[in-house]
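Think of it as A, B, C and D in the order they're written, each chain with its own count starting at 1.
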Amino acid sequence: MKRRSWQEYQKEIADDHYYYARSCIRQNFFPGSEKAFIDILTNDLGKDLLDDPKHSSCTGIGYHSDIVPLETIMTVVARQFALMNEAGYENFVTSCITSFGIYTEILATWQEFPETEEKTRENLYKATGREFRKPANVAHTSDVMFHFRDEIARRAKHRLVNAVTGEPLKVVEHIGCHYAKIFPKSGIGGSEFPYVLAGMIESWGGEVVDYPERRHCCGFGFRNYLVQANRGYSIANSHKKLESMAPYKPDFIVANCPGCAMFLDKWQYAIAEMEGTTYGQNGHGIPVLTYEEMAGLVLGYDPWALGIQMHQVDVEPLLDKMGIDYDPAAKYLGRNGKYIGKPASAVVNCCPTDTIYDIRE
Amino acid sequence: MKKRIIVIGGGVAGMQTALRLAEQGLEPVIVEKEPELGGKLRGWHVLFPTFTPAEEVLTDLRRRVNESGIEALTSTEVVALTPRSVTLADGRVLTGDAVVLASGSTLFDASIKEEYGYGIYDNVFTSADVERMFNEGRVSKTDGTAPRRIAFLHCVGSRDEKVCQQHCSKVCCVTGVKQAIEMKRLFPEADVFNFYMDIRMFGPGYEEMYREAQQTYNIHFVRGRISEASPTIDGRVQIKAEDTLTGRPLRMSVDMLILLIGMRANDDNASLAGGPGLERARSGFMRPRNLFLGNIASNVDGIFYAGTVTAPKTIGESLNEATAAADAAARYVGA
Amino acid sequence: MAAINFGYTISKPRVIDLDRNNLRKSDEILREMPELQTCIGCGACTAICTAGNLTSFNFRKVHTLVRRGEYQGAYEEMNKCMLCGKCRLVCPRGINTRGVVMLIKRKLGDF
Amino acid sequence: MTFYAPFCLPFILGAAVMFLTLLCKWGHWLWELPRRDKMRLLRGLPTRKTLEAVGEVISESLLHRRIFRVNPLLGYMHMSLAFGWFLLIAVGWIETIAYLGFRYVPLQGHVFFKYFATGLEHKPVFDFLMDLLLLFVLSGVALAWGKRVWSRAMGLKRTTKHVLGDRIALSALWFIFPARLVAESTTCAIYGGGGFLTGSLGGWMAAHIGTMPLLTLESVAWWFYSSCLGLFFVALPFSRYMHIFTEIPLIFLRRYGIRSSEKESSYDHFQVEACSRCGICIDPCQLQSVLGINDVQSVYFLRDRRYHHLRLQVADNCLMCGRCAERCPVDIDLNTLRLNSRDTMHNVPDERRYGYFKGLDRSSGEGKVGYFAGCMTLLTPRTLSAMTTIFEAAGEEVWWADREGGVCCGRPLKLAGETDSARKMMKYNADLFRKHGITTLVTSCPICLKVFREDYDLPGIEVLHHSEYILRLIRAGRLTLEHGTTRYTYHDPCELGRGSGIYDEPRAVIEAVGDLLEPASTRENALCCGSSVANTAISDGQQVQIARSVAAELEATGADVIVTACPLCKKALGRGTRGEVRDLSEIVAASLK
């Protein structure tokens, strides 16, 4: 029943020619991920994608923090669409879950209240002199990755299995709240049985962990994290999820939302420092990946080129399990070969930084 | 010669039983202790959930009883019965071929719950008082002014170990909602609050009426039992309850406190049951032979039950039971 | 390991986790006072409660929490009770509320 | 003449053990007495109180006057055993002196004198006297056997269920006197002598039994007699028979003004071990008569406390109505002992408790007369409005202490054993009363009344129950009442009647408005309504059962209205009857002209 109910929630995903909207925060959190997406789509799959330097933030964080008014955000969104039109594209793909939620919400609002759309056109025209057409298709980049999961599986260099035992890796998938909880129809599998990441994991040989708090929010929640006084509540949410998933002994967590991948990772560090609790099998943390990083590893990309050294919890144990070769000495060397700095040693890290080659020495 | 069946009680159940018996060609005789037929319905204004005037039902039943020429002994009290006879208070003995006991129930005396102040403070009323006030067209505070805040308290004399009434009286919940709506219709400016422990909306249209009360009439429902009432300096009634859904004590002053009184077993059930050996439930109501296949039969052959003599019931249920009881009695006497 | 102070702590979950709560004391209490299970949560006890009208003491809530295995603070809360017994007079289920207060205090006194 | 034979050994050993144990116990208890009580004892010794105590020892410990009041046959049984045995010892002593003059005779010489005195010339007066006394005691033993079989004849519906130690001591006691009869008779059979009892039985034996068997029988009988005595003496300090000796110091200490209090003290030992487990307290207990609970009564409570296996279920399960204490032949302060046991079990001092009292004042109005309705009275608003009417009619300016709900008087908490915390409430209320400068404090709740009078420090404030206050108003002509034809019956609340000794005032008030019919159990014997705050153990259903039984007795008077003067009793009785139950103030307010 559960295995099949996701199929009731399907959506149309364009096959090619994407207008790519980047995320504000992902480029800082996991700078390799968006690059990996572009590389996979254009190089591995041979698709056409425009990474437009002109587009801006969707202002979603400001909107959800009650700073940016509705009219403003609608105008900003309209501008992105106008840029897409100008570039000759009609399939809008967005890297951020919150942005995806914003685009979906605003399109739905325009649908229900056409006068708001009219007002937006007026505002956009007044502000920029631009006009826009609504996109033919809006998708999240994880939707696109899901769309091509079988093709990626065919080109896979590594599978999500334990290279030694052949057992499938146990993967916790976490879907950003704004992906389908606002509009269940806009997500693959809906909000209750999301399949977008699970589909990738299953296609690539892994096993999805279905734990009790699977649907629970990671705790980012904008105001809950942004205001320091509320952070105890924010971390409590991740804490609850981690407590719930730990008995399943997951090999890694994968998320499709900037905040989730960030917080499920960093809060493990904070919890370990505050309470001394860790959740990984090795007494350290559970590695957290973005779905682009997961796809990149499957396709045989160099882990350091994917930027997975930027995660708080060390990913090496996972790489070892999957049988991926990597150069430990190159971990903290940037793309240009220069030392990029390293975090202080923490409980969640399994590889004490002291043993790693430090260019300054 | 026609078989004669004695129907004890001339309320809706009794009248309907007699009518059905007459239809089947039997000779019913109604024994009613009040001076006129009608029972509890006489004091009632309108019936839930349709707001049908009680008078309408009553007039129709009385007319048909009259037209059928059914013999009705009013102001006559029964003190004992057997399957073939009843003894009256004046010593006379009526004989027949079977007995249908439709003597109903008694309204709980709210003054027993002293802490609610009924009979002590002005402006504390019972649901029966309210029906009467509606009938008389004088719904108001004791001083004649219009209430601006009204509170209904559910489960007075029902589900209360402290007055030895464990059972649920079933109809008070829906009566409370109905009266709240009536009040709101009459005093649209007034705020109406219902204090309840559970709201039991079991019949057709009841839940809808409850929703209507909340949605259309903006009647407030507070989950908590009022524990005490006291008078305020301006003649209103201050009540205290816990708003259990927020977990905090709540107090408010109201212009009218209306106690939704329950039904209890008649005091004379015990003595009536004694003679023929009728079984009674712990609540004091008569116990039917079987709750499924014999709920209108007593444990004694030839004695049948109709209406609230066995448990609290709605008017509709009482009427249905009356028909069933009449049919069972008719079958018993071989008609 | 010295814990780092980040300026906030992990909020305690509000959830009543019956998987984790140890119901042993709760079971003992109910074995001694089975009538407590008949509480329908009408709140009459709390409404009449003098201590409850002067403080945040809520007898209904505290004993319900204790029945769910949430013992934290129950003893201290029950200590606000003056044992005057009004609650027992208004309880429609005939629960020996004063006995409940003493029982809970006795069972949870060592917490 | 040597006063020793091997059979004396059990007796000597037993007596030695008993006296040593007694001395140890008493010495320890007296030593542990609080300093204040020791001073009372020393100051009381050279006063009249000592003589009064001696008198009471004779009338109670020997003659058992109070048991005679319960039932004459039961009284005779106890008296014959106690007083009879005492006389046997005393007259036996005189007998020895009469035979031997004033010379030292060891204890066993007195006790077994018949055995040692065979060579002496008989003094028939003593033979007769000693046999008469033996017969007196034996009649008591026979009654005791009979009581086991048919206790109702002695006015006891139920007798105490005894523990094993008691049974051993009891069996030994039962055999002591028959054994003495047989032993003395055998000696008489061989050596002649004896009175109408031992002499006759001895003569009969001599005629029917040969010399050799008689000699054997004599040896066996004296051994058996001595063993019974020895066994009884050894068991005595550890069994209920400890009461025989403990009641004596208890009477003295009590006469010197020493009392038990809400905290356990060494004096309690004298009370606890003075209980003879006669079981007279069982029948008046309504938990027994109505509910069939038969392991919590004072006799069992004291037994369990004495042997240190008192359980909460026993200590807490008592209405503290005082009906048993009223009948106790030893006059043990049963309620206070139960209270201080509860204190030991429940009291947890907590300085921070009830911090919320600080600065609290919910009182209203102003006047020299303060009215403290009591928590329960807030649930009987008819009483409140009646009191309002009465105050108005009398033109009294009243300060209302708790109309908006106040702090409890503290007695319920005290009765539950949390005595230290109860003190906090008492202090709060006392401060409140003083702050408002009242001179009279009226309350409608006997529970509050008792604690106000006993535990509150209220100089300059007279505490009155509303029944007393109303009667005063009537007598002072401040209330004019109409005497109606209603027939009332009155239920004595425990805390008002037995608790505070107020029986006449409420009756006088009722008689001012109507006719008063007394129920079967009234005044000191009045029944408890069953809802007492002192009992936290019985269920609601059990409370109703008791209320029904009490209401039935009140209804049986044929009165139109049941009147009581306690909100709790009123609530309880209202559940037990369909008839009318009114507070005293209500009928007064309704009869105002």
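The definition used in the following text is that contacts are C-beta pairs under 8 Å (C-beta built on N, C-alpha and C of every residue); 3 or more make two chains touch, one makes a residue touch a chain.
Just so it is clear, the model here is predicted, and its values are computed rather than measured.
Note on interfaces B-D and C-D: more C-beta pairs are in contact across C-D.
Measuring from the averaged C-alpha position of chain B to that of chain D gives a distance of 53 Å. The geometric centre of chain B is 39 Å away from that of chain C, both derived from CA atoms.
Our note on geometry: chain A versus chain B, Cα centroid distance of 65 Å, whole angstroms. Within chain C, residues 48, 53, 89-91, 94 each touch two or more of the remaining chains. In chain D, the residues touching two or more other chains are 378-379, 540-541. Across the whole structure, chains are in contact as follows: A-C, B-C, B-D, C-D. For chain C in complex with chain A, the residues that touch the partner chain are 1, 3-4, 6-13.
Residue ranges on chain B touching chain C, taken from their complex, read 115, 155, 159-162, 197-198, 223-228, 240-244, 247-250. By the touch criterion given at the top, residues 112, 114-115, 117, 120-121, 161-164, 228-230, 267 of chain B touch chain D in their complex. Listed in rising order, the residues of chain D touching chain C in the complex are 312, 316, 346, 348, 350, 353-354, 356, 360, 375-376, 378-379, 405-408, 410, 412-413, 416, 418, 421, 425, 533, 536-541, 568, 571. Those residues of chain C that touch chain D in the complex are listed here as 35, 48, 50-51, 53-55, 79-80, 82-86, 88-91, 94-96, 98-99, 102, 106, 109.
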